[in-house]
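Multiple structures follow.
First chain A sits with chain B, and in the next complex the same chain sits with chain C.
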Partner chain A sequence: MDPLVYLLDFIVFIGIFSILSLSLNLEFGFAGLANFGKVAFVLVGAYSYYILSEIGVPFYLCLILCALSSAIVGFLVSLPTLKLREDYLAIVVLSFGEILKLIVKSEGWIAGGVWGTPVSPAITIDGVSSRVDALVNIGLVYFCLSICLIMAHFLMNSPYGRVIRAIREDEIAAEALGKNRARYRAQIFALGSAMAGLGGGLYAQYIQFIDPYMFVPMLTFTVWIMVLVGGPGNNWGAILGAGLVTFFDRGANIAKDYLTLPIDPSNLQYIIYGVLIILVLLYRPQGLVKESHVKTKALDRVSHERTTVEIRRS
Partner chain B sequence: MVNWAQILLNSAITGSLYLIGAVGLTLTYGLSKFPNFAHAEYITFGAFVGYLVAEQLGLGLPMSLLAAFLITGLGGLLCYRFVFQPLAKRGATIIHLMVASIGLGFLLRYSIGAIWGWEPLYFHIDWPSYDMGPIRITSLWIWIIFSAVALSIILHLMLIKTKIGKAIRASSSNPELALASGININRVILITWFIGAGLAAVAGIFRAANTQIWPMTGWDIILPIFAVAILGGIGNYYGSIVAAFIIGLAENLGVVALMALGLSTSYRIAIAFAILIITLIIKPQGLAMLFRRG
Partner chain C sequence: MKEPLLRLEEVSKHFGGLYAVNRVNLDINSGGIWGLVGPNGSGKSTLFKTILGLHKADEGSIFFGNRSIANLVPHQIYALGLVNTFQVPRLFHTLSVLDNMMVAGRGHQGDSLINSLFFRKNWQKQEVELADRAMEILELLEIDNLVGSPAGELSGGQRKLLEIGKGLMASPTLLFLDEPAAGVNPKLGRKIFEKIGDLCRKGLCCFIIEHRLELLFDFAHWVYVMDKGQIIIKGTPEEVVKNPSFYQVYLGD
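Right, the complex of A and B next:
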């Protein structure tokens, strides 16, 4: 394979996984929602993209509708558990992912069942090399990523974001202040699912193929590792985590071909993932990049005045 | 023509299997206040220990059940002692504990895959079958039902009569009060994790002997097992007995309905999911309200 194409492919993957880890960071990092079924919403996005593009919907509309359909599904799935403890949501969404995989597996008419189906790419330019193709995809993916990042950044540093964080820290106190916990949770879950759906659509059109076996729980927890390693509650941390884990994944794939190990490397990779999750939670639960403090004009003024008072006193 | 007697028997077998698998989950869930997703891997690990003893060493089913119970139980205890307890001491949230259990699950599942490989294996024990009127039963199924009944009685007596059983119930319903009454909660938790993982291993052997054995054996039935734990009411042993048989029955009736509707029978696990969702919408406490004392 052309080394440059390999590098560009790597960059596309980082972009797609960054969108996924940003979405999980919204749910888990900021809102404290345990989405153990991220893969379900990626699947919804990917299959929506396929179905819509088959009808002949233009690609930008496809991607928007991917996000929308995924958001609706996410909202509906989160409904039964919004008022319950975090563990119920985790169990329900994890199970939902398995059921959804089962449905696309058994219903051959949706998208080829177990055999999968080819997906047409979003932007096709005739007669260009695969390098240009990858570059076009980088443009598309990073455009979507920057929209997600800007949205996540401004939303989480707005008054709305402070309510979300307050509910995560102390839901009873937040409810005493009149904040409807269930409603905020549903909104964040729908938004996170929308981003995951967008990621799924981008993934499907980039790989140009989908089958049910691509959407295993392992994908969900790969995204979890990205957020945990990078730093829950910090958008840049989530992107850093996506980069590091994708890099490790690529490295492991190369190592498989060149190293002879006593353990099958594909098993070893996931054993390392498991150990990594436990070690990060034990020794560095805040991840590599810590969550930044809430910044508001009022807080700035308070700290500014406090320093001026201290200066006058001295 | 639908053979209803056979369906009832099959439901009892399915229910028994889920009961043995779910008891450990629901007890540890109630006591430690988080769902242990690595429970699936305890089931798988137990099945492979059983396979090792019964097939590779040729010591037969009873020995393999005993060995798998003890070894997996010890493994479950060590997992709690070296993963979950340190995390809980550092003030980990419920989400951290759940994610850690997933990580532990990966560690165990892929280690099993590295040792025994990913090709499905089968028990070669010959199970003689008996015809009784319209129904057919194999000796393996008798083993499964007998074990579930024995387990129900033994655990009932243990929870009601013995000191450790009372301590488990007390620590589960009010940890502070239990601690104040001089119960060594730490020891209670370790014993519960031992029993829970050991029972998961027994369920794993039965599941493996009934179908096949591979590193996903436990994950294949984790959904109905969680449905049993939630329908029964988390931490509620008596609720889980009833829930296991409800889900066993619903699955077997559901398969008949699926065939009648011309749908794939692989949707049978979706039935457990439907029950899970309905429970959460109507009564998130599950059947626990029926058993106030439990």
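Right, the complex of A and C next:
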């Protein structure tokens, strides 16, 4: 296979996984919601994309609707679980992912059941090489990623983000200060699910094939490793984590194809993941990139005031 | 007669067989400092938590103005103007002191998802005003030099002050303070009470639990004494001090 296509493919995957890790970072990093069922919302996005594209909806509408349908599913799942303690939420969404997988697996009429089904790509240009195809996908994926990143950045550096972080720190205290934690959490859960659904749609149209076995819990944990390594509570950290983990993942595939090794590198990568997560949690539990302050005008105002006071005093 | 701001009628709260609060009746009228004292374990903090919706009252009714608040959840009670401060400060540890204060700000437009994301202009001015207000309160409590530090790095006394600051930031009608002077040096403790006294003369109403009677009795104009879940004495500080059973249950001989 063309090495350049490998590289471009790698870049596309970083983009898609960055969207997923941004979404988990929103839920876990900022709001403290342990979503161990991320894969469920990726699945909803991917299958919505397939169903919608089959009935002839244009791709941009497909992607928007992927996000929307996933958000609705996320919101509905969140309703009974958000009042539970964090560990129960984790178990409920984890099993929700498995249930969804079993449904699409056994209901063959939805999308080919166990056999899976081909998905048409978002943008098809006739007679171009796979390099150009990959470039087009890079454009599409990174456009979506920048929308997600801008949204996450502005939202988390606003009074809303401050409240979300406060609820993560101490939900009782936040509730006592008039913040309706159930509502805030449902919103964040829906928003995170929307991003995951968008990622799922992009994934389906890029791979051009979906089957239930692509949506195993391992995908959820891969995204978790990205967020934990990169730095929960920092959007750039989430993207860095996505880059690192995808590098190991894709790197293992490339090594498998080009090098003759005594062991299978794709098994080796799980060992690397394990070591990576232990090292990070031991020596840098806040992740590679630390959470930053909430940057709003209040901060500028106060730091400005402080400097003027200090000047006056000196 | 003037309508009381807060009225409790026969309020009880029990944990299993233990009546932490047992058929309590009390009135808080607007303005001034209202004290609540009693030995440890007499149910003072439980009474506060019951009023504020953190515990649900098992019996009895609680009225704020004319409205029954016994069945409301904490954020609805906050919305009415009753603001809690915790005895053991509950701060947002990784957030800065300023952000801790800002979270407590009342009626911030930017607290809603849609406004924060799409209508950023709507709350920028309010954000600056709230920041100024937060600074004023922090200066009052003498922790303004810590404005940028994470709340988790504060010392015990500073945490206490920030907890009070959050309470003041919430523009309360009735502020509940659970031992505001505990763990604070005597000079600052008095200063806190003086500041609260000033605010109360401007219309704030405070309900305070405090073991440092020399402070509380200087500032409070009405005191309830609790023992074993019940209000046993009520009156002005002078009347309470003269009551012999006050010595029996609280001060000792």
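The criterion applied here is as follows: the second predicted complex is superposed on the first by the 288 of 314 C-alpha atoms of A that agree within 3 Å, B and C clash if a C-alpha of one lies under 4 Å from a C-alpha of the other, contacts with A are read in each partner's own complex, and residues count from 1 in each chain.
The rule is short, and it goes like this: a contact is a pair of C-beta atoms (placed from the backbone, for glycine too) under 8 Å apart; a residue touches a chain by one contact, two chains touch by 3 or more.
All values reported here derive from a predicted model rather than from experimental measurement.
Student: Looking at the overlay, what does A:E54 touch: chain B (first), chain C (second), both, or neither?
Tutor: Once the two structures are laid over each other on A, A:E54 reaches no partner at all.
Student: Check whether A:F154 is in contact with chain B, with chain C, with both or with neither, and answer first, second, both or neither.
Tutor: The second partner, chain C, only.
Student: Is A:S95 touching anything from chain B or chain C once the two structures are fitted on A? First, second, both or neither.
Tutor: A:S95 contacts chain B only, not chain C.
Student: Please work out whether A:L276 is in contact with chain B alone, chain C alone, both, or neither, and reply first, second, both or neither.
Tutor: first
Student: For A:F36, decide between first (touching chain B), second (touching chain C), both and neither.
Tutor: first
Student: For A:L268, select first, second, both or neither according to whether it touches chain B, chain C, the two together, or no partner.
Tutor: The answer is first: A:L268 touches chain B but not chain C.
Student: Of the two partner chains, chain B (first) and chain C (second), which one does A:N180 touch, if any: first, second, both, or neither?
Tutor: second
Student: After the superposition on A, what does A:T296 contact: first (chain B), second (chain C), both or neither?
Tutor: A:T296 contacts chain C only, not chain B.
Student: Give the list of chain A residues in touch with chain B in this complex.
Tutor: So the residues of chain A touching chain B come out as 28, 32, 34, 36, 80-81, 84-88, 90-92, 94-96, 98-99, 102, 105-106, 221, 224, 228, 263-264, 267-268, 270-271, 273-278, 281-282, 285.
Student: Help me check something: in the complex, which residues belonging to chain A touch chain C?
Tutor: Touch residues, chain A against chain C: 151, 154-155, 158-163, 165-166, 169-170, 172-181, 187, 191, 233, 291, 293-294, 296-299, 301-303, 305-306.
Student: Quick one: in the complex, what on chain B touches chain A?
Tutor: Those in contact with chain A are residues 34-35, 37, 83, 86-87, 90, 92-96, 98-100, 102-111, 113-114, 223, 226, 230, 263-264, 266-267, 269-270, 273, 276-277, 280-281, 284.
Student: Using the touch definition from the top, list the residues of chain C that touch chain A in their complex.
Tutor: Chain C residues touching chain A: 52, 54, 73-75, 78-79, 83-84, 86, 90-96, 98-100, 102-104, 106, 108-113, 115-117, 120, 123-124, 127-128, 130-132, 134-135, 147-148, 166, 170.
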